[in-house]
Amino acid sequence: SRFEYVKSFEQDDSILPNVWIVIRIDGKKFHKFSKTHDFEKPNDENALNVMNAAATAVLQEFRDVVLAYGQSDEYSFVFRKETTAFKRRSAKLLTYVTSLFSTSYVMHWSKWMNLPLAYAPCFDGRVVLYPSEQNLKDYLSWRQADVHVNNLYNTAFWKLVLEKGLTNQEAEAKLRGTFSADKNELLFQEFGINYNNLPAMYRKGTILLRKRVIVGEKSRQAIVPLHEDLISSHFWKQHTEILGKYVPGTYDAPVPLPRLVELQLNEKQVSEEAEEPQNEARIS
Amino acid sequence: SRFEYVKSFEQDDSILPNVWIVIRIDGKKFHKFSKTHDFEKPNDENALNVMNAAATAVLQEFRDVVLAYGQSDEYSFVFRKETTAFKRRSAKLLTYVTSLFSTSYVMHWSKWMNLPLAYAPCFDGRVVLYPSEQNLKDYLSWRQADVHVNNLYNTAFWKLVLEKGLTNQEAEAKLRGTFSADKNELLFQEFGINYNNLPAMYRKGTILLRKRVIVGEKSRQAIVPLHEDLISSHFWKQHTEILGKYVPGTYDAPVPLPRLVELQLNEKQVSEEAEEPQNEARIS
Amino acid sequence: SRFEYVKSFEQDDSILPNVWIVIRIDGKKFHKFSKTHDFEKPNDENALNVMNAAATAVLQEFRDVVLAYGQSDEYSFVFRKETTAFKRRSAKLLTYVTSLFSTSYVMHWSKWMNLPLAYAPCFDGRVVLYPSEQNLKDYLSWRQADVHVNNLYNTAFWKLVLEKGLTNQEAEAKLRGTFSADKNELLFQEFGINYNNLPAMYRKGTILLRKRVIVGEKSRQAIVPLHEDLISSHFWKQHTEILGKYVPGTYDAPVPLPRLVELQLNEKQVSEEAEEPQNEARIS
Amino acid sequence: SRFEYVKSFEQDDSILPNVWIVIRIDGKKFHKFSKTHDFEKPNDENALNVMNAAATAVLQEFRDVVLAYGQSDEYSFVFRKETTAFKRRSAKLLTYVTSLFSTSYVMHWSKWMNLPLAYAPCFDGRVVLYPSEQNLKDYLSWRQADVHVNNLYNTAFWKLVLEKGLTNQEAEAKLRGTFSADKNELLFQEFGINYNNLPAMYRKGTILLRKRVIVGEKSRQAIVPLHEDLISSHFWKQHTEILGKYVPGTYDAPVPLPRLVELQLNEKQVSEEAEEPQNEARIS
């Protein structure tokens, strides 16, 4: 038709080859959302698991995502450098990831939360490119260092408010200018808490990897959550598949299995269902 | 921290000022999704209304969206030329719209559909810029011409298959090479159907506008669905607020009110709730 | 060869259709360059004409440039909205214009200047897009308002330094905080100069347009310099071809002809020479 | 002024950090330009040296260019990954390099050529980004493989035309479908030419590097031309400064010195002149 010329206004947005593609999503106004839905402070285990479940859905769909990292109301998805998914079209990758994460968040909500959703949550998303392995590791380290700083502060803050009855202002004043060591000390002295013994998910966030899970005599692939320190080089030596050949390693499964993994084992395997796998990764 | 430098890899993506910003979302593999969820063929009124409800949520949130247009598994959102929402950052606008549409689709699903969702649906999104009014009108005309061509074909196709018992191949063969007039004729002769009498929503798609709805003696704003011909200049003369000063006109309400509107009137008004309106439009 | 994959790293940079494309070039460190080559202060008529001659070469080559505007060490080239020159590839347009301007500047230098070039001059270039006529006019007005402000200041400044013997610091101090009216007054009272009688090229910059020049009984096209006020609407009414159909108007030639035009009339007509015109404009 | 808002239409174009920035320029219609100026076929030593001299000027100005590679009417400039020259603004880097190359080409012309320039030459330029060392080496190998293929063909072609009197068509027909070995053989059998003994500049193109040149008892930096095979790893081992710390190595000077280098030694050293070095490289 005479209107078709308008299609030509769409602009090419293919991403430079040979760089790591990171997509980070972040909850819109989750300050308000977490209040409305009575999230536990400073960390709501179930709410974090809704995030983890939604991210797991993204990894199940996009085989070229080799790692995801989540904390608070955000999640980062790392596409391998060589991916040709959606011809590396930036908006396609960005919106599919953001959309699937968003709808999965809503669909998984009631598996973990008691309250119904009061309104539709919403996430922003962005694409960031990293040319080198070091840049990529530093990106993930940046996000993990962020959770450390915030969580130590928030833990101390909410202890002061919820258990010592300080007002928000008083708690803030008390913590202003303190160093990590001070806050560790305060938690230990005043609340008998050894910060390092708090749940690793709160302190380190969640790393999602594709792994072989041994179930009895069989093994099958699943997306598994880790709460390790990815700033140290140890992590990268343990999980060489991330930067290497993408052949999933074996899951060093804790007992009991995380519910996130168990739910997957109870599903029919995704890769069996998929009619037309869109993003073939070299995964054996 | 020493990792913060990675933030500088984020690139500025502000959109050129003074152009219409169109965001079009489209369902991922809705061919399969509509089958899985038993959509009526060729048009499922309720499924289309889930789309309309989700789009309505977007217009309620983003006051600078002056018009939305939907058909099949797609929706286009038009931001006014002058919008400064999110500093015109492309990825922010794109992902918020796509994410909110996506989660609203899931949340509204059960209001219109009997089947539960079998899996999380997913939408892609793209940003397209139009410098002139004519370009914008032509864009919308392009989408509306598309629904006309597709719907006439699909209506004939499914009549042949579902009522005349043709196989898909036979129906396709029969319609190959026919013109609009031929298909109109076929529908009339063989099925006694006057195509122009089919529901306007199927033939024209859905235009969503912000209008003043008169309710008894009061009036309040709502997002209302129209199924008019936007290719003709008449439409633009009737709804001058779209390209003009964005002062909502009065809704010429049908009786009974569309359920989409009624649901809104039963809600507390969104603009009353909103704590911090992010996108102030010049709307009186 | 096995190396050809690197070609795919080149990224598409086509410019959005239906916007005015402005390319502005600016001399690199012309503060130093003008000193080294003893430009007259504040305006060197010949040096400005080297700029004008170089810009004329650009208009002769690129028929889709409908107007150029120059002042000081800068020149702006306006491509008509509909241009498809070089498929609107941004880097191609940008570099061809910048490169041709640059080499033409060097080649024309000795026609106007006595000193040889001490070193190779260099220009930066940028592409700026304007969606509406008003934006485009405002852009050009911005550049012309800039020359007014700077030139009035510089005229007063150099009078004080060169004729009244003030040091640079004294002259600057004297002018600090003054308004246009003050500087006009100062020029008149202390130097008997009516600013408005100074050469229009210094006060208004140079507009280059393609016009029909009447030579005896024949007429031929040439690029002609105007020094008019383009901020007023009068200018746009006089030269409707710029925003309209690009049919060159008739040159209202001063006597004697500017040397810039005379030099062109003495050349064999460019359009006769050109083997393969690359950028066909609708020019009769 | 009320016009200043138009400045905001300029868009940020900073280049992703930590990638190699390659700027390649290429002569516009040099098919015609080389004919007009009677270039020797297939290679004009002097014309190539004008290219080399212009590129040398670029390396003298931009310290962050660690290597340039030229052949035929093109030159590629490689900026080190870490460069912050002009804040990595793409258009600034692109246009400064293209403009300075262009004007230097004109300024150096008469040092090497007898004919005056018939018209202003013009070059296009583009920016291409390479994330890894391997990509960068492959890029340069691609350009060097290109010169090999073209030059072997052209050498055979012009021998057949100029010495055997074949028409262009006959020569083309004779060479159609031949392999490299065939053309080598033809040159040897019919013209007694050992292709590998032809000047390296024609066969390999020209690599420009910054090196320490030993002159008597002193040493000073200069831009030196090499005609080596950069596809082999040997080259990269010999010139580790390119990918390493950018500390210029020592020039293994042929006797007599290339005129390109001699001309530099006769100049006052550029770095002594420069008032404000813009692009500080870590060069000792």
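In order of appearance the chains are A, B, C and D, and numbering begins at 1 in each one.
In the analysis below, a contact is a pair of C-beta atoms (placed from the backbone, for glycine too) under 8 Å apart; a residue touches a chain by one contact, two chains touch by 3 or more.
Given the structure is predicted, the values throughout are model-derived calculations rather than measurements.
Where chain A touches chain B, the two copies mostly use the same residue numbers: shared numbers make up over half of all numbers in play.
Of all chains, the one whose Cα centroid sits at the greatest distance from that of chain D is B. Look at where the CA atoms of chain A average out and do the same for chain C: the two points lie 54 Å apart. Averaged C-alpha coordinates give centres for chain C and chain D that are 32 Å from one another. Within chain B, residues 9, 11, 16-18, 129-130, 135 each touch two or more of the remaining chains. Those residues of chain C lying in contact with chain D across their complex are 1-7, 9-11, 25, 28, 32, 57, 61, 91-92, 94-96, 98-100, 102-107, 117, 119-130, 135, 138-139, 141-142, 145, 275.
Of all residues in chain B, only 8-9, 11-12, 14, 16-18 touch chain D in the complex they form.
By the touch rule above, chain A contacts chain D in their complex via residues 16-19, 129-132, 135.
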